[in-house]
């Protein structure tokens, strides 16, 4: 594999890791947000 | 808690800086005299290990703060920068190994810097597992903080041990006490890429901290609901 | 200055993860008084006991134990209290004498041979002094813990379900010891769900459920059956809290 | 006088651990059996050809030392876990450091006793001439054992209540003690090749530095691990 092959592989792996982490983070943030609003919503209903 | 203004600006800046760094590293910078084109992997490998060190230093500071003042925010930052630090250490390992394959023909050499990166990776993966296994969040935060402090004191000793143990690779040019000894043409892309990855790391830590705080808030709400239930 | 209250805590709260083990409990105990914490399992009795004995740090709330701040004065509190629990905190491989010598040293007392022998004698374990605790029955282990308390001579005693699996003689010895502590001006907090034992031992009863105090009752002319009935109403089922009930509290109206 | 009390409490902890261990002999038996087993397994795995083995001898010796030590460290709070003695430790007044040093001294003692038996067995099985290097070996073994046990005792307390403690202790302990592993093996290698303590100078200094750093950090951190 030529040197540009290795460079592509290295940058590709790094990009995959960083983008992958970003999406995982976004997903977890969405789920936490949903769980939070559910709890807050429920909390609200009980108080009124 | 939506994405904060700080988070968004950090993210944008990081994107810009990484783009510039990519251009400089892959296009503008001259190929290395001895290694040729493949030396460009350095613009990714060295900045990612330095960013990981920065993230783990933040974990150390936040952990010490947590133990001192028991401030939940410090704990959130500690676990967040540890997790992001592990991601960057993983990248450093992968790129280091690929660089090793291209220059020495082997995926893994017990070269000083690669070995240190591997040790760092195992210590902080252990940190994340310890936090996951501890049932009770306060215990997870406390144990994690202690481990982060142990890790912080351990790293310089690891450096010493591994440097003496063996150094195939040229001694890490950037962190050498004498300061960077490589010619400016290579230095500028290196520093730009470093700035890019540091900003990106900052962005990830800010977002991950926000996630941790949302989880903390959800736990508090479940608690409140328990009280009124 | 001679403090009147051995225990004076407000708003004691303890959270484990997202479970609320104790929810803002106030408690007072005067010198020379024995207070019983009654309630079903999981009501928070043991958690409260652990907070008062400084084994656990409170998530919120605080107060004073023997005049010392619950959190900052932990060290000196620990020197002046004793704990008798259903699991006996003894090392099975050590003999009775060795266990006492170790516990005394860790407690900051200089243990001498005859001091230990005397304590063992008083709880009737002198002949077995050099046998491994592994060979002891539960009753004998409880006696050894009382022997340890004789060495510690605590001003404030904590008892966590001390009565279960005890033979008659050991129960008498335990009640006798608690009475002797009270006679010397000391106090005790006992957590149990054994109503008749609590009735014999305590002057006041604090009923707990789901980590909160549901009722406080003085013994005065109360019979054990009345106590059982109040317990059934306040600690067992979901009966409405009886706001109007005659509640005597040392100087302060307890939250309903 | 505070110092006297600290010394008494530290000694009481060590005395209790040693006394419990001599009676039950659970930990020592497990360590010794495991050590003998690992030495034999090396032979089967690496073949009887001694010349190959001799070159790897320092590494194999320390593998036996560290894994046996790890087994011992895993059980350092076993006596406390039974019938609530852990909580009793929480209730003892006074400083937490003496509890740590008392437990550490016991752990070091058990590990050194295991090493004192592994080393001669190792020398016989691999027919190594260790007599001349013995004093140096003792110093290196002690420095390595102290370094390994210092962090090991703290992590044993931390993982005492975890569900997967048998896995967590090694997983956390070995990465942190890489300097001890490298230092001990390299110093032993120098000693066995006749270089004497001077020859292994910088490795011995590394081990010494490691021990000093963590003999300061771990006792201070122990308080945060012990509290509930």
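First chain written, first letter: the chains are A, B, C and D, and each begins at residue 1.
Simple rule for what comes next: contacts are C-beta pairs under 8 Å (C-beta built on N, C-alpha and C of every residue); 3 or more make two chains touch, one makes a residue touch a chain.
This structure is a prediction, so every number in the text was calculated from the model and none was measured.
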{"item": "Innermost chain, taking as reference the mean of every protein Cα atom displayed", "value": "D"}
{"item": "Chain A-chain C separation of Cα centroids, rounded to whole Å", "value": "50"}
{"item": "Centroid spacing, where centroids are CA-atom means, of chain A and chain B in whole angstrom", "value": "17"}
{"item": "Separation of mean Cα positions, chain D and chain C [Å, integer]", "value": "40"}
{"item": "Centroid spacing, where centroids are CA-atom means, of chain A and chain D in whole angstrom", "value": "42"}
{"item": "Touching two or more other chains - residue numbers and ranges from chain B", "value": "135, 222"}
{"item": "Per-residue multi-chain contacts in chain A, two or more chains", "value": "none"}
{"item": "Residue list for chain C, restricted to those that touch at least two other chains", "value": "none"}
{"item": "Which chain pairs touch, all of them", "value": "A-B, B-C, B-D, C-D"}
{"item": "Contact set on chain C toward chain D in their complex", "value": "50, 53-57, 75-76, 78-79, 81, 83, 85, 87-94, 98, 101-103, 105-108, 132"}
{"item": "Chain B contact footprint on chain C (complex, rising order)", "value": "15-20, 23"}
{"item": "Residues of chain B defined as touching chain D within the complex", "value": "67, 119, 122-123, 126, 129-130, 133-135, 139, 142-143, 145-147, 149-151, 153-154, 157-158, 160-162, 164-165"}
{"item": "Touch list for chain B against partner chain A, complex", "value": "22, 26, 36-38, 40-41, 44-45, 48, 84, 87, 90-91, 94-95, 98-99, 101-102, 200, 204, 207-208, 210-211, 214-215, 217-218, 221-222, 224-225, 228"}
{"item": "Chain C-facing residues of chain D, complex", "value": "5, 8-9, 12-13, 15-16, 19-20, 23-24, 79, 82-85, 87-94, 227-228"}
